[in-house]
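One chain, chain A, appears in both complexes that follow, with chain B as partner in the first and chain C in the second.
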Partner chain A sequence: MDTSNVSYASSIAAAVVDPERELSARITSLIDRIKTLPGGAILIRYIQSSYQDDPIRTVIEIFLMLFAVRYFFSKKTSPDSKEAVPLSEKEIDELCKQWKPRPLAEPVTEAELYKLKKIPVLAGAVDKKITISGENYLDYNRQFAPEKRYDVEGIECPEPPLEDVLNLASLDFLNLSHDPRLLEIAANIIKNHGVGACGPPGFFGNQDVHIRLEQRLAEWYGVDSAIVYGQDYCTPISILPTFLKRGDIAIVDAGCSLAIQKGLLLSRCQVVYFEHRNYEHLANTLEELQEELQDIKPLNRRVIVSEGLFANTGDFADVPKLVEIKKKYKFRLFLDESLSVGSIGPHGRGVADYYGVPASDIDILTGSLANSLASSGGFCVGEKPMIFYQRIASAAYCFSASLAPYSVRVANEVIDMLEQNEGKKDSPLGLLNKNSALLHGKFSKNRKISKYLDVVSESGSPVVILEFNKAIKNKLGFYQYYYNENNKTAQAHEKGMRSFEQSGTAAAAKPSSKKVSESKKSFERVDYYSDEAVAKMKSEASQKAIAESKKKSQADIHNLEEFLISKIVNKLMLEDKMLIGTSQRLLKMEVFRVRPVFKICLSSDLSTKEIDSVVEKLANQVAGVVDNIKCLEDVEKLNSVKPL
Partner chain B sequence: MDSSKYTLTLPKYIPNKGLSQDEQREKEFGSLESPEFLYVSEHEPNTPYLVEPLEEPSYFTILLTHLNFLILIIVGNFKDFFGTFFDKKQFEDVIEKDGYAPYYSRLESFYVRRMKRKIDDNFSIPTTGVPGRYITCYDRHSDDYNQTLKYTGSVTNCLNFASYNYLGFAQSVGICTDDALVTLRKYGTGAGAPRHQGGTTDKHAELEKLVAKFVGKDDSLIFSQGFSTNANLFDSFLDSECLVISDELNHSSIRTGLRISGVTIKRFPHNNMAKLEKIIRTSISQGLPRTHKPWKKIIVCVEGLYSMEGTMCPLPQLVDLRDKYGFYLFVDEAHSIGAMGPNGRGVCDYFNIDPSRIDILMGTFTKSFGAAGGYVAAEQHIIDRLRLDLTAPVYSESISPVIVSQILTSMKIIMGELNPGEGKERIQRIAFNSRYLRAGLKKLGFIAFGMDDSPVIPLLLYVPNKLPAVARALYKRGIAVVIVGYPATPIDSSRIRICVSAALTKSDLDKVLRELDFIGDKMYFKYARGKHNMEPFTDKPNATLEAFH
Partner chain C sequence: MSTTASAANKSHHASLSPITSSPKNRRRSSSIISHVEVESDEELNDQNLVPNLNANWVHSKGAWLIHICIILLLKMFFNVLPGSTTELSWTLTNTTYIIGSYIMFHQVKGTPFDFNSGAYDNLTMWEQIDNGDQYTPTKKFLFLVPIALFLASTHYSKYNLNYFVFNGVLCLIGCIPKMAFTHRLRISIPGLTKANI
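== the complex of A and B ==
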C-alpha cells in the first residue's frame, strides 16, 4: 500500500478521471484521521500487518462481514409467513368476505339452564338467617317451584321472598361479618379513608392500614414479612408464575383447586403430579426425578405445591410429612391455606398450625382474608426476599389497585380477636371446631345418609362435603369421577393416574409435550372456501353432530349429576328452609378429576338442634328424590322440564 | 433533623384530626371556583380521530438516555459480578443457598436492584386518609441509598396528581359515604361466599342491572377485582383455534388473561389501524397456521384510554373495521368509564358510537367511582354464557356489599339520578382540568403524550436519572405524581404521569404549572422544539394561558 503519501488535494484532481483512485484516497485520508485518535495508530498498524501476512484470513473476514450484512438486512421471517400462501388482494378481499366467525359465546342449552336459575339471590344481608329473593333477574328456583302464582286479575306475580332460611353456604365460618366491634372499626375507617384505595400499591395506594396488616400477618405467623392482595382467587394465580418460570419444576398434589392449576398453567414450568394425599407417591416421584435434577446447573427452582385444607374434598394435607419430604429433597413448599385460615388450628392459622408446624418451615404460604376473616382479599407470608420480589414481579399485586382500606382494617381486627380468644372453648373458633366434629360424627353414624351418601371431608373441616356413594352412582349411571376430555393436559393427567392406579407404582403423569411426529405431519392445503369443500365439511359436521348427540359425553353426565344435586339442594331450601352449597366446579376448566358434591358450610353459632335437623332433613330429601329415579334417563327427563 | 428518632415502623398519625367537616370536604374535593371552569369533552362529529404523531426529543436527549442506561447496566453488572464473589452477604438473595435456588436470579432482578432501588423513595409512598384532592404521605428518609427507608414521623399533604380519582369520588363526606355506612351496618363487612354459592345479594343484582344501563348493554357481571376480571375472562370462551389481535400496549391483566386462555395472540403497534387491518386480512385469508383452517373467532382487544400514554383507541375506525371484517371487539374501559364523554359513559359516549357496535365492554370501578372491582357488559346471551362459564363467580370471593353501595351511589350521581347536577359538574370539571393542564404544559415547552381531552398526562423526562430528582422536587413542593420508567414504559421514555381529577381546582392546576415551570428550567426537561401556543378554550377569558408565557 504505497498510496499513503498521496495528498488529499491531488486525489480530488484525479477523481475526475479515476474513481478507483478517489476511493483509495478517501480511505487513506480516513486512515490518517483514525491515526490521530488515541490508540488509532496502533490499531491501523495491527490491521495492516495482519492483512499483509495472511491473505486467506482477509477472504474469510470479508465473507463473514458479507454474511453479517446479509443477516441484518434480511427480512425477519416468522414461521407464519414461511407457510403463507401467496394471495392476490382480490382473493384476500373475497376470503375476508366469506369468513364467518363462530358466535362469541355458545347459547346456554336447555340442559344447563337450571344452573342459571339456581343461583340464589339474597334479599338483604348474608348472615346466619337469610331471606332469599323471589323476584330477581334470573327467575331463580322457578323451575322447582310448586306452582305458578297469579294475582286477582290473572297476571303472573313474582314469588314472595323466602324468609328465615338457615344459611349453610357461607364461608364466613366464624360468623363475624356482623360483629359490632368490626362494624364500628370499619365505619371509622370509611369515615377517615373513604371506600376505595384508588391506586396500585406502588402508586400511592399503599396506605397505613395495609402496612400495618402486613406487619400483623407476619407477626401472627412468626415470619419475616407478608403481602396483601386485592382478591383471594388471583393470589396463587399470580404468585406461582412469579417464582416458577420455564425450566423450573413443580410437583403438585392432584387434588388442588383451580387457582393453583391456573397459576401453574401461566408459569410454563415443568409440572409433575402426585396422587391426592399420597405422600409415598410423592417421595417415589422425587426419588425418580433425582437423577434428572442432579445435573441441572445452575440450580432451578423446585416447589412442592399443595393446599392445606383441600377446598374440593375437605381433607387435610399431612403438612409434617410434606415438610419432611421437602427438606430431604431440597424442594420448597407452596401451601394454600385459603379455606383453613381462621378456621383450623389452635391459633386459627390453618392446617400447618393444626399440626404444630411453624410457618417458617413453609416457604410460600398463601391464604384468603375473605372467608373466616370476614373481609376481602388474599395474602402471602414468608421470607423477606420472596415477599420483596412479589412487590415488583407479581402482576396481580403490581398492576392492580390495593385492597379497600376498611377491608384491610377488618382483617387486622379479626386477627386480634383470634389471638385474644386463643384456647377458649367457647370462642367462635372453638365452637366451629366442635360443630365440625359433631356434624361429621352425625353424618357418618346416620344409616339413612350412608345408604346414599359418602362423607368425603375429614372431621375438623369447616365445610362438610358429601357425594353420592358408589351404589347410587352405579344405579343412576353416573361416573365415579369426571375429567375434561377435551383438554390435553387433563387427558395426560388422567392417563398417568390410571396407569398409576393399575400398576400401583409411581408413574408420574407428565404433561405431554407435543408429539414430534404429530407436529411434523405435512399438511396439504385444503381450499376451505370452495363451495364443494364447504358443503362436504357441513355434511361431515352434521353427521358427526348426530353421532355425537347420541353419545353422552362426560360433560353431559357431569351436568346431570350436578343437576340432581342442585335439585335436592333446592328442595331443601324451599321445603326445609336451609341453603347448602354444591360443588359447581367447571369441568371444562379443570385439569384434575372432578366429583360433584354437596357442601355444608358450618358456622360457629349453629346449635346442636340445628345440626341434628340438617342431618335429618338432608337424609329425607336425598331419599325422596333418589328413590324415585331408576336410571340416567329419569334424571334427564327431570331436567328437560321446560321452565314455567 | 434528629435522625436518631427515625423509626422502621409506621408512626401513629390520625388524618383529619382537628379539621372541621367543611375543611375536610375542601381537602377532599375543592369547590368550583368559577362556572367558567367547566367544559364538555366530546369528539367532534365527522372528523376522523387523529392518531397524534408523538413528538420526538432531540437526538442529543436520546443519546443521553441510552448512555445513561448503558452506564447503569455496565456498572451494575460489574458490581453484581464481583459482588457475588466477594460480598456474598449483600447478594445472598440472588445466589444458591444450601442447595436451594434463589427465589429470583441475578439477571431477573437486575432492574429491581439496580434501577428501581434508586427511585424507591418515590415509590410505594405510604399514605393515609382519603386519596382525594390532597393526599397525606408519610415522610421517609434513607441513610443507605434506599436499602432501608425509615419514617421521620412527619407527614406531607400533597396535591394529588397521582391517584386514580378521576371524578373525585374518593371522599369521606357526602352521600356516597353515608350510603356506604348504611350498607355496612345492614350487610356486614363481607359477602362471605362466592357469587354462585350464596354470595349474591340484591345489591349485587341491582348493580349488574345499573352497570348494563349505564354502558348501554343488556346485562353485566361484576367482580371484586379489576385485574382478575380480565385475567379470568378469556379462558371461558377462547381456545387455541381462536385469534386475538391485541394492542401492544394493553394492560398486564389483559395479557395475563390471554395467556391463561391459550389463545393464539398477534400484536399490532399501538393504535396503528393500517397495521391492524393488514394483520386481520392476512389472518383471515391464511387461516390457522399449518392447517389453514379458518379461525373460529377473531377478537380485537384494545383499551379505551391507555393509562401510560394518555391516548384513546380510535374507536370510529375500529368499529368500521369490525363491520367490514366481522371480528369481535373487546374494549377495556378501566380508565375511560366515568372519565370520558359528555355523560361520563366512556369511549362510546365520547365518540358518540352506539355501544352495540362493541361486543364486550369491560371496565373497573377503581378509577372513577372511588371503589374497587370490575365489570363485563355484553348482550344477554353472552352474559348468560359467561355467568355459567367464568371461573371467578364460582371460585373467588364476591365483591363486598359496601363497595357495591359506593359504586351504586356514585354511578347514580353520574347518571343524574341522585343529586341532579352534581354528576354533570364533576364530568365537566375533569374535562376542563384535563384540557387546561395539558395545554399549559405544552405551552411551557414540555413534551406530553396523548389526547387533549385525556385526564392522563404523561410528561416525558427521557433521561432516567431525572426521574427521582423531579419526583423529589415535586414532593418537596407538595405535589404528588407517579413516576414510571422501564420496564413499565419503553426503555427510552421514562416519564412522570399526571392524573387529573375533578377534585382539583384551577388554582391547583396553576400551582402545579408554576412549580413545573421552575423545575423544568432547572432540570432541563422542557424538550419540545415546536411552538405550542394553542389556547385550550376560545371562549373563557379567565382560563387563558397568558399567565405562563
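== the complex of A and C ==
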C-alpha cells in the first residue's frame, strides 16, 4: 500500500510540474503570437510595464477596464420608460376614438348672453360726446321691441345710431386725445417719421423720439432711466416674469388688476397674497416668512407687488407704508401706476407723487401712456441696471413691435404740458382733481344714492366706483363678494382670507396687552393648498350646498348681479344719454374675490351741471329698476324675458 | 384611464395656480441621502419650451475633442512646472480634470440662461443631458474619459502606493456620480450642506 502510495504521489508531482512548464511555454508562445498581430506588441508592452511587480494593482486596473467595457455596452435607458405602458396599435386607436376634446371656450349660456350683447359699438371717435351705432347693442334690444323698422323697399333696417351720448366710460381722464395742438404734432410726426418701423425696439423699432421720451420720463420721475413698451397691458405682464422665476417670492395685494395676476402666473414664482390695503396683514405675513427666508441660499428675489390706484376698487395704495415695510424687511417694491399717471398727485406722476414719495424709493415703477397721457403704450422707470436688464430679457420689449413714433411724441408733449401747468387750478389736471372731489362728494351726500349704492372708491380717484349697499344685497339675495368655488387657488385664497378675518376680529376683541401675542399666534403658517385643507373646504362647501340646495351657485348669482347693473347702465344710456362702465367678469376665470360695480370715469372738462345730472339720473334709474324687484327670482325673470 | 384623468386634472390646476412647486422643495428630511422629486407637469412644460442650451452643446464632436485637448494641455503645463516629476504631473492633471468636471457636471445646478423660468433649477448638468436618459453616446464618452485618464496615468508613471490610492479615489469621484443609480440622488452632510435641495 505504502509503495503504491509513494509512487502515486510522485506521479502527481511529476504531473504538476509538467503542466506548469507547459503553461509557461504556452503563454510565451501566445505572447509571441499576439506580438505578430497588428498592435499586439503595444498591448503586451502596456501590460508588462503596468504590472510593476504588484498583481493587486493589475487586478484593479483590469476590473476598472471591465467596468468601463460593461458601461460602454449597456443599452440606453430612459427614466420615463419604466412608467410607460406598451400599447398595441389597436388600443391606441381605441383610446383616440374615446378621446373627446373639451371646448377651448365653454359655450355662452342663455343667462350670460347679455354680456356679449351689451357691449356698445361706437360710431366715430372717442370724445366727450359719442355716437353709439345700432349694430350690436341696439339690435339686441330691438328684437324685443313691438314694432320693427323697415325702409321704403321693405328691408329691415337697423336702429338709427344713438347720438350725443355723454361719455363717462373713457380712461382719457384729461380729455387730451382730441386736443388740436396734439393732433397737429402727431400729423407732423407721421409726415417725418412714418407710422413706425413695425419692428421690436432692439431691431429698428426705436427711433429718436423713443429715446427722447425715455429720457423725458426718467427726468420727469427723477430717476436714472426709463423704458417704453408698445402696450400698457403687457408692461406688468412682461416685467414681472423678467425679474421673478421659480424659487423667488412675491407678496401681492389681493386687489391687484388682471395684468399683475397674469404676470405673476407666468413668472412661476411663489405668490403670497395679503388682504387688499391691509398693511398689518402684509407686515405679519412678512414677519412669519422671515425664518423661512433666512435659510434660502443663494439669495432669491423678493418683491412686494401693488397697484398705485387700484383699477378694480378705485382706492389708493399707502405707498409710504409700503416703502417703510419693504425697507424694513429688505424686499423690493413693484408699483403699477397705470391708472394714476397723469391723473393723481400735484405733478400728476401718480400715487407715489400724491404721497410725496420719490420715485427712486420704488424699485420698479410701471405706468401707462394710454390713459391720461392720451397716447398708447406703457413704461417702466427705475435704476439703470434694472431698466437695462429689461432691454435684453423682457419678452414684450424684445419680441413685440415698438410704439408708433407719433404716439411717443404725443406722450412726450403731454408730459411737457403737465409740467408747465403744475399747480394751476384751471389746467386739465387741476380740473380733473376738482371734478373727482366734487363727484365723490355728491355721491356720498346724495340720499337717494346712499339708499341703494355705496361708494367704493376713494375721494380723488378719477374713476368713481359704486356697488349695491348691504340692504339691497340682502333684499335681493346677492352676496357681499363672490369667489370661484371650482378653482383650487381661489379656494385656498378664500380660506386664507376667512381665517385672517376671523383671527383679526378675535384679536381686536381682546385687551390690547394680549393683542400682539394673540395675533402672532393666529398667523401661524397654514398650507391652504394642502390636500387636507382643500378636502375640508370641499366638505364644508358640500354641507353648505345641501343646506342651501335651493339656492344658486356663486357664479349664477354673480351673473345676475352683473346683469342687474348692466340693465341699469343700459337704461341710463338709452333714456338719459349717458354711458357709464361696469365691471365685467367671468367668475370662473377669477382668483380673487370679486364685487360687481358701476364705474364712472371722469374727465377734466365735465361741467358742474353735468356732474349734478349724472348723480341725479343714475339715482333715478337705480331707484326705478331696483324698486320693482323683490327677490332674486325677479332678476332671473328679467334676464330671461326682457331686453337689457 | 383613471390615472391619466387625474394627471390631466392636476395639470389643469397647476396651470391656473400661480403657486408653483416651491413648497415641495422645502421638504426637510433627516436622511442624508435624498432624491430630487420628479417635476410637475407645469415644470416639464417649461423645460420643453425651448431646447436646453445648457446641456445640448455636449453632443457636438468638438465638445468631445475639447476634453482630450484640455487634458493634454494640462499635462503639458504641469510638465513644465519647476520640480515636477512624472508622477506629480500626472496626478495634478488627473486632479484638475476630475475636480473641474465634477463642479461642472455634478455641483452646479440649473442653467445660466433664463428661458425656462427656473424649471431646471433642481437638476445638475449631468441630469439635464439627454433629458435624464442613461447610457447615451455622450454619457458613455464622458464616463470613459476619467477611467482612460487613470489607466494612462498609471501606465506612464511609477506610482507609489499613496499616489495610486489618491488617483484611484479621484477616478471613482469622476465615475460614481455618472452612474445610473446616482441619478437625481443628493447627499447632504449635516453642518456642511443644507438639507433642502
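Following the convention adopted for this analysis, the second predicted complex is superposed on the first by the 478 of 644 C-alpha atoms of A that agree within 3 Å, B and C clash if a C-alpha of one lies under 4 Å from a C-alpha of the other, contacts with A are read in each partner's own complex, and residues count from 1 in each chain.
Keep this in mind: a contact is a pair of C-beta atoms (placed from the backbone, for glycine too) under 8 Å apart; a residue touches a chain by one contact, two chains touch by 3 or more.
The structure displayed is predicted, hence computed values, not measured ones.
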item: Partner chain in contact with A:267 - chain B first, chain C second, else both or neither; value: second
item: First, second, both or neither for A:216, with chain B first and chain C second; value: neither
item: Chain B versus chain C as contact partner of A:393, first or second or both or neither; value: both
item: Which of chain B and chain C A:247 touches, first, second, both or neither; value: second
item: Which superposed partner A:295 touches (first chain B, second chain C, both, neither); value: second
item: Contacts of A:64 with chain B and chain C, given as first, second, both or neither; value: second
item: If touched residues of chain A are counted for chain B and for chain C, the larger one; value: B
item: Which of chain B and chain C A:567 touches, first, second, both or neither; value: neither
item: Interface residues of chain A shared between complexes with chain B and chain C; value: 79, 265-266, 393
item: Touching residues on chain C, where the partner in the complex is chain A; value: 13, 16-23, 25-26, 42-43, 46, 114, 117-119, 121, 131-136, 140, 143-144, 147-148, 150-151, 154-155, 158, 164, 168, 171, 179-180, 183, 194, 196
item: Touch list for chain A against partner chain C, complex; value: 46, 49-50, 52, 57, 60-61, 64-65, 67-68, 71-72, 74-79, 241, 245-247, 261, 264-271, 292, 295, 297, 393, 487-489, 492, 527, 529, 591
item: Of chain A, residues touching chain B in the complex; value: 79-80, 83-85, 87, 91-92, 95-96, 99-102, 104-108, 112, 115-116, 119-127, 130, 133, 136-137, 167, 169-172, 176-179, 182-183, 186-187, 190-199, 201-208, 211-212, 215, 230-234, 237-238, 243, 257-259, 262, 265-266, 298-302, 330, 332, 368, 370-371, 374-377, 383, 385-386, 388-389, 391-393, 395-396, 398-401, 403-404, 406-407, 410, 523, 525-526, 528, 579, 581-582, 584-586, 588-589, 599, 601
